[in-house]
Structure formats: C-alpha cells, structure tokens
Amino acid sequence: MSDYLKNWEAVIGLEIHVQLSTNSKLFSGASTNFGALPNTQACNIDLALPGVLPVLNEEVLKMAIKLGKALNANINSPTSFARKNYFYPDSPKGYQISQMDKPIVEKGYLDIEVEGVKKRIGVTRAHLEEDAGKSLHDDFEGQSGIDLNRAGTPLLEIVSEPEINTPQEAVAYLKSIHSIIRYLEISDGNMAEGSMRCDANVSVRRKGDEELGTRTETKNVNSFRFVEKAIQYEIERQIHELESGNLIVQETRLYDSQQNITRPMRSKEFANDYRYFPEPDLLPIKLEKDFIDEVISTMPEMPEQKRERFISEYNLSSYDADLLALDKDLADFFEEVSKVSGSPKLSANWIMGDLSAQLNNENLNIKDSKISSKKLGELIIRINDGTISGKIAKDVFEKIWISGGEVDETIQKEGLEQVTNFDEIESMIDKVIQSNPEQHSQYKAGKDRLFGFFVGQVMKASEGKANPKQVNDILKEKLEK
Amino acid sequence: MALSDKELKEIAYLARINVKENSLKKLKKELGDILNLFEELNLADTNSVEAMSHPLDLSQPTRKDLVTEKDMREELQKNAPSVQSGLFLVPKVIEGED
Amino acid sequence: MDFHNLSLKEQLQGLKKGSFSSTELTSHYLERIEKYDDELNSFISITAERALIQAQNSDERYANNQAYGLDGIPLAHKDIFCTKDVLTTCGSKMLHNFVSPYSSTVYEKLDAQGMVMLGKTNMDEFAMGSSNETSYFGPVKNPWNKEYVPGGSSGGSAACVAANLTPVATATDTGGSIRQPASLCGLTGIKPTYGRVSRYGMIAFASSLDQGGVLAKSAEDAALILEAMSGYDPKDSTSLNVKHIDFQTNLNESIKNLNIGLPKEFFDAELPPYLQKSIQESVDVYKHLGANIVEISLPNINLSLPIYYIIAPAECSANLSRYDGVRYGYRCKNPKDIDDLFMRTREEGFGSEVKRRILIGTYALSAGYYDAYYLKAQKCRQLVANDFTEAFKKVDVILSPTTPGTAFKSGEKTSDPVEMYLQDIFTIPANLAGLPALSIPCGEHEGLPLGLQLVGNSLQESTLLQFAQAFQSNTDWHKKLPNI
C-alpha cells in the first residue's frame, strides 16, 4: 500500500474547531453547560429574535491570545468580526459571526515529531466564531428537531498551512494542538463529545509537481485514530481515481467509521457563496499591549518547556519526557509522585508501566486513577527503603487499586513485608538445600543453571517476601559448600 | 446594468426567496434599474481612503464571562410555528454542516 | 379640554399641578384615535387597556409625590421597537403574529420615565420605504390631505402626531425615515448621532445606518423625548459611551454669529420654485437672527444615493436572513423540505420592496461583485464623511431642504423604485456620516407642508436643537397642523 508513495505525494491541511470552555456564550450570557434540556440554554440573542444584538465575551480574547502565543503566532490588533452568510435551520441568524480579514491569531507554527523526525507545520490563522445549534432526526415523523443550546458557543478555528504530508504527521499535529489547548485550559478537547473537531483537506499530486491537486474536505472524524484512517483512505482513493484517468471532484466528504471509507455529502453543495462582509453590530477590537502581556503572564508552562524541564531537572530520557509532558494531567501526576517518592525515574516507570496499563484496561483517564499520586509515591518509597520488593509492590498496587486503603496498612495487613533478617533467610535456605540434595550435588558438579531453581524454591518458601539480593548472596555462598 | 435570468435565479436561491417564473421579467427590470445607480461609483477616486466599517472610531466593549440568562424556553417558544419536546420542528434535515 | 393643543411641557406641568390626570389625558387621545385613525391608519396596534392601566399607575405616583420625569405623558412607538407581550410587526406579514418576549431599550427607557404607550404605529415594511405604502397593514394617509402620503418609513408615527392622536412618537431613520415624514407632515423630526440611541430591540434594517429618534410638534418637545431615549447601552456594542450633555442646554441661546453652511451641490439641484422660495425665506430668518451664511461644498455628496442603495440593502440582506419560519413569525403551509420552507416563507412573508432590497444586497455582496460594489461603496462613504468633517471646520450647522418637494399622491411613485429612492437625496448623507440631523417645518405649498433640514456635527444635538428652537421662536410654521 505504501508503494504509491514512490510516485505520489499527499498534501494535507487541517482545520480544527476548538470549543472554548467559557461559562457563557461568545455573544450572549446564556450558559454553555453540556447536557441541558433542549433550548433551555438559548436566550433571545441565541434565538436571533428581531432586534437583538451581540456583545463580546472578554474571556475568549484571553483564550485566543494564549493560544496565539503557544503557537508562536502574531496577535492581530485591531481584530474584527465578519458575517458568514448561509441558510440552515441550526444557524438562527442566517449568518454566522466569524472572522475574515483580520483574525485574532495569524502566522504561527507548531513543531511535531514523527518517528524521530522533527518537522515544523505552519499555522495560517486561528479565528473566533460562534457554533451552530444541533438537529435531531429521530422520533419526529419525517421532521427534524432543532436544539439551539449549542448555538453561540465560542469556537476557535485553527487552520494549518497545507504542509502536512502523511496521515501520521496529521495525527501528530492534532495531538499537539490537543495537548496545547488542554494545557492552556481553554478547552477540554474531547473529540468524542465534539469539543474538538477536525476537518481534513486532502489532495495528492505526482512527486515533483509544483501545482496542487484538487482537494476534498473530509468531515465527521471524531478520534485521532479515525483521522489517520480517514486521511489514509482519502489519499488512496484520490490516487486510484487519478491513476484510472478520472478527475478529483472538489467536494465535502463524510468519514464513515463503520466501513472505513469517505463518501460525498448528500446535501446541495452548490452556491456556497458566503458573501463575507464586516460585522456592523460589532466594533473592531483593539488589544492593548498591556492587556496582551498580562494575559500571556498567566499562561502555564507549555508542553515543550515542560518536556525540556523534565529532561534537565529529573534526568528523564527524551522518550519518557515526551510521553509524560504530552498530557498536562499526566505531567502533574508525575511531578506529584516524584515529589513524594524522591525518585523521578522510578516514578516515571511506574506511571508509564503499571499505572498506564491499568488505566487503559478500564478505559480511564489519569484524573480517574484509583491510586492517588501520593499513594504511588509512598509505594515507591517502600520499594526504595527495602520494605517490599519491586515484585511485591505490584501486588500492593493492585490491592490498593481494587479496594483502596493506605500503602503501609496494606503491606502490614497482608503481611507482605520483605524478609530481610539474615538468620531467617539463612534458615530458609538451609532447609531448601537440605530438601534438595540431588540438585545440590548436580550444582556442585557444575550445573550452574540450577541456581535459579534454588532461588525459586527459597522465594516459594518465603511466599515471595525474601529480599532477593540477600537470597542471592547467601544462597551462592551456601551452595558452594 | 442587466441581470440575466440565470443570475437572478442564483441570487434568489442564495437569498432563499422563491421567485415565480412570471415575476422574473418585472423583477429583472426593477433590479436592473437599481443596479444602474451603482455605475456612478465607478467615477469616484477612492485610492486614498479606507473603507468605512463603522461611523464610530471606537473599540469593541466586552462583557465578563458570566451566565446572566436563565431558562426562558417557554416564553421564547410562544411564537414558534412548530415545537415538540422543546425542539423547533422543521422538515427533515439531510446531513449537513455538522 | 383640548389637551392635544398643549405642548409637552404644558402637559407635564398640568399633570404635576394636578390640573388634570394622566387618565384624562390618555383617554382623550384614545378617543381621538378611535374617532380619526380609521381614515388615517396610523396605528397597527392600539394598546388602550394597557395604556389606561399605565395612566392609572402614573396618577397614583403623582398622588404620592413619586412621579418620574415624563410621568403620565402618552406616546406612540413605531412598530419597529420590540415591546414585551405586545404585538411587534415591523409592518410586515412576516411578523404579523409576533408578540415580543422582550422590550427594546428605547421602550424601557421611556417606560422608566412613566410614559404611557397608546399603541404601535404603522410603518413601511421593515423600515424600507419613503411613503408608508409598503406596509402589510395598509398604507397610512397624510392628515393634511388624505390623498397624499405621509412619507416613510415612519409614516404612522408622523401621521398620528400631525393629527394630534398622540403628543409625540418614537421613530427610526436609516436614510431619512424620520426627517422625510416630518417634512411631509409639518413636524419636527430628529435623528441623533449614530450610537446615541440604543438599537437593542429596534428591529434591524441596516445596522450601520439605523438610528432611533423622535417625531414631535416642536424642537422643545423633541429635545425632551430624545434626551430620555438616549444613553449608553451595554447591550448595544455600537452605542456611544460618552459623557451625557443635556440636549436642552442651549435650547434658548442666541445663534448670533454662529455659522450656517449651504452646500452648493444641494442648491445646484433642480428644486421646484416654491421650495427654493421657502428655503430662501428660511435662510433670511436665520440671517435676521444674526447667523452667518457660508457657502460650502460637499463634493462627493452626489454619490450618496448609490452608496446608500448598496450598503443598506447589503446589510439588510443579512439582517433579514433570520426570518425563515423556524423559530417565530410567518411560516408557509406544508413545506416539502428545508429549502421549500425557507423559499416560500420568505416569498410569501415579505413584500416586494423588501424582496428587491434583499436581492440587491445579496448581489452586491456576492463573489465577484463585493469589491466593485460593497467595498467601493464603503470607501465612497468615507469620502462623504470626510467632506462633512471639512465643512464642519467652517460651520456649525448645514442647511438644506429635507425633501425635493411636498408630499406626493398615493400610488404616484410606487411603480418605479428608483423614483421613490430620490425622495431621500438630501437626508441620506447624514446617515452615511453618522451625523445628527433634523427637519423642521418652514413653509407650505398648495395645502401641504414643507421642511428644512439641519445637519450638525457629531454629538452636536444641542446645537441643532438650538437652531431649530431659534427658528421656531421666530416663525409659526410648526404651529400649523391639519384641523383634526
């Protein structure tokens, strides 16, 4: 399947709509809470009653400025709104207030890494606009029901330059944006719930061609995985079409995750002339330098900086730092565990190993971890001070995960302390050697492999609690005799 | 300034206003007359001016991010032509912008 | 008692003194409306019951010495201002059944002053027109001569004030819709600086041009009401947040040595002799009062009509997109699908003039034409505004006729849209530049009144009213009203 890459190149641009997590809407004071009964969060402005007017939510400016800084972009001042005219039942005014000429954020970039290769992807612009309502189709006997709760929710649309060339790069870019918006706490970036939506513009051209091919826009991709699959499919479909002598139709397509295909949207595409013009009900927004600087000063440490700091401060490997810094919650968790345990490397291992496995198994977020950062830190302390072995610690971890409880309490209750008493271990070893005279002779005769057998027997006898290092040392000595 | 039938139909569709065949001719003429007015602007020299977007040269005021509107669904739906279960009913929408 | 012959000030004094009650005053006007409005059709809704309750409440406040500034004075609101729980139609079939769930800021401000609403006045549909012949609720007749139009779009407000069915009425002006009816009905009509009066709840036609104002029988009355209507409104991002100056401050000050500009482009136009005569006589009045007459030039003023007829339709084409039969208002019967719902609702719900303007506006904004039309018009608009800025360096007000003649007969101009548009050539420029302007009666011809227009610099409503008052203190034109 990747043969096609020999002759063809894909050109991909992503348009990401980020739903901003403000309390109220972009232009009205209605709530943006998820899950309310239909039309209970749609006030007269959201309903586009005759005579209503929009008033701008200041929080969105702050959010956009932070995003702009995180994307190394220019913050435009003045910035202004425009009307994007189109008719649809979930668009109450018959136009969407968006931005045309002077978007608030422009000309930025993002660095991504795919399989060790770094690449810079340009961000053309990020602009503010209002979300539309929703149409519900079931239960209405041939009609649709319009819910305008979502209408007017603030969105930030982030448009990349068409500098992405593979589905993998697209996903890396998407994950990066996701990470940034969550770090900035401007959105919860939940693709499944729709607070982050991705549309992919895809075209192909023969390698060496200067001109861009005709592109299609693919919508309705609501996970990282689907983005990769949808783009992959679309690239292959377009190459196939072109190699068969057909032309690519410029159209909007929907991704069907069941069949893993894209297909053209059924609705009338013609006449998408949006007739943009400056919004007369809103004045241009002048962003003073003081205001911008103040907003930027409230920004948290961004993933890139955090990554660098994890490497320098905690001596983590590049790989570990990457993984831990990607998600802010995970990064915070790691730092909390490290602080408690005093052991960053071990903390990293436990988080990326046992903890991640457990979270994945149960489809949970780090925020829902059934073992707190404090407890995990304490567990690591107990490994380091020899109270329990690393292996036993896994048991303790599991027990706490399932039934809660404190670290020390669990160790004691289950009697899981390591046996470190020299005499105790010695006596156990003596017993084992005595009970296995044949193996003893064989070992003395040169069968070194049997050492493991003896270790196993001792561990069994001690129910796994004997300190492995001491067992090793004492056993070695005793077996020689 | 003449509008063709095709152009008029496209504009009417963009504006979602049905125009009956028998009104086309009259409408074309009326619109053509109005469009003739526009030609006068071609003579104006606007090289040294910016487009006026607002009569006021001020900056957009903002409001705090507070929820100030409560649920007024019943009040606001009194004028709705067709409502069921709190939703505005319309003829079935085929998959679209969302 | 003939309450309707009292000025606003006299009515207020009477109420304060207890010479008569608001209930009496209100009933008086309601009776007159009942008696005379059938022929004029100036009202779409008459809120009689509600008005009497409001009047009663006002009387109670007076009895308890808790009266508000304009307590108990009746008024009519143009049916473009949303009024809570009262039908608000904007003169259109599209909103013929729309009972607004909220009130406009203008309504609330005047209500807070204790004013009593008699009803909602008739108007050209969605404020588009200059004769009040496009209303879904039937045309309005000019009280001076019922075969003639009262002007538009605020024809209803003008007719009811001129016929003394209300002491005062609110109105709106986008290209002349207050001033032109004022001129044709012998009234004082003022459109303030853009942003003075909140547009929240004022159904939008052309957002960057629309302004609320008032129609009254004198400059003094107009000043009182405009004062109460004005002020910063956080719900309207385009409303002016400036220190408030009482519009009545200079009302009775002398205009000696102030400068009046006469734009040569307006006076070069072919004006009918009777109009030229009236304007000349008016200029003489001002000269006599000591003002200086200065010839000025507004070189780009003749671009005003095309600029307006691109920008206003463009903005209105978007403002009226919300009328789609989904959430309120008219809906066509048995729509087959979404497109059918939109297309037939809008075909049937809107009148011809509104449809024409929406189509023109859509065209002017469409791909390929945006630069040549909309963008070009906004640039030319700046040229016009610059002309005024220059002129106001030399003069305090600019004087011109308000309309190219007196009222015309019903049906006379309805077959040619462009001919109707020419009604607004003198009034449009002030809207383009966002400047305050008013019209006052200055003459009469063949039984019909004539108006003269004064345009002021930005935020200079007081100066404008001062000039108007000076004229009205020395002439009687504004006192002449049809004998109804």
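For reference, chains read A, B and C in written order, and residue numbers begin at 1 within each chain.
By our rule, contacts are C-beta pairs under 8 Å (C-beta built on N, C-alpha and C of every residue); 3 or more make two chains touch, one makes a residue touch a chain.
Keep in mind that what you see is a predicted model, and the values were worked out from it rather than measured.
Peer 1: Tally the contacting C-beta pairs at the A-C interface and at the B-C interface, and name the larger one.
Peer 2: Of A-C and B-C, it is B-C that has more C-beta pairs in contact.
Peer 1: What chain is most central when centres are computed from CA atoms?
Peer 2: B
Peer 1: Find the geometric centre of each of chain A and chain B from their Cα atoms only, then give the gap between the two centres in Å, rounded to an integer.
Peer 2: One centre to the other, that is 40 Å.
Peer 1: How many Å are there between the centre of chain A and the centre of chain C, using C-alpha atoms for each centre?
Peer 2: From the centre of chain A to the centre of chain C is 57 Å.
Peer 1: Could you tell me the distance, in whole angstrom, between the mean C-alpha positions of chain B and chain C?
Peer 2: The separation of the two C-alpha centroids amounts to 24 Å.
Peer 1: What are the residue numbers in chain B that touch two or more other chains?
Peer 2: 13-14, 16, 53-54, 56, 58, 60-61, 63, 72, 76, 82, 88, 90-93
Peer 1: Which parts of chain A, given as residue numbers and ranges, touch two or more other chains?
Peer 2: In chain A, 44, 47, 49, 55-56, 87-89, 146, 148, 273, 275, 280, 282-283 touch at least two other chains.
Peer 1: Could you pull out the residues of chain C that touch at least 2 other chains?
Peer 2: Where chain C meets two or more other chains at a single residue, that happens at 98, 101, 208, 234, 237-238, 317, 321, 324, 326-328, 338-339, 342, 362, 366.
Peer 1: Show me the residue ranges of chain C that touch chain B in the complex, using the header's touch definition.
Peer 2: It comes out as residues 97-99, 101, 194-195, 208, 234, 237-238, 240-241, 300, 302-303, 305-307, 309-310, 317, 321, 324-329, 331, 335-344, 346-347, 350, 355-356, 358-360, 362-364, 366, 373, 375-383, 385-386, 416-418, 421, 433-434.
Peer 1: Along chain B, where are the residues that touch chain C in the complex?
Peer 2: 3, 7-8, 11-20, 27, 30-31, 33-42, 44, 46, 49-56, 58, 60-61, 63, 72, 75-76, 78-82, 88, 90-93
Peer 1: What residues of chain A sit close enough to touch chain C in their complex?
Peer 2: Residues 44, 47-56, 83, 85, 87-89, 92-95, 146, 148, 268, 273, 275-277, 280-283.
Peer 1: Inside the complex, what are the residues of chain A that reach chain B?
Peer 2: Listed in rising order, the residues of chain A that touch chain B are 22-24, 28-31, 37-44, 47, 49, 55-59, 61, 78, 80, 86-91, 132, 134-137, 140, 142-148, 254, 265-267, 271, 273, 275, 278, 280, 282-286.
Peer 1: Name, in rising order, each residue of chain C that touches chain A in their complex.
Peer 2: 81-82, 88, 90, 95, 98, 100-102, 104, 199-204, 206-208, 234-238, 314-315, 317-318, 320-322, 324, 326-328, 338-339, 342, 362, 365-367, 370, 374
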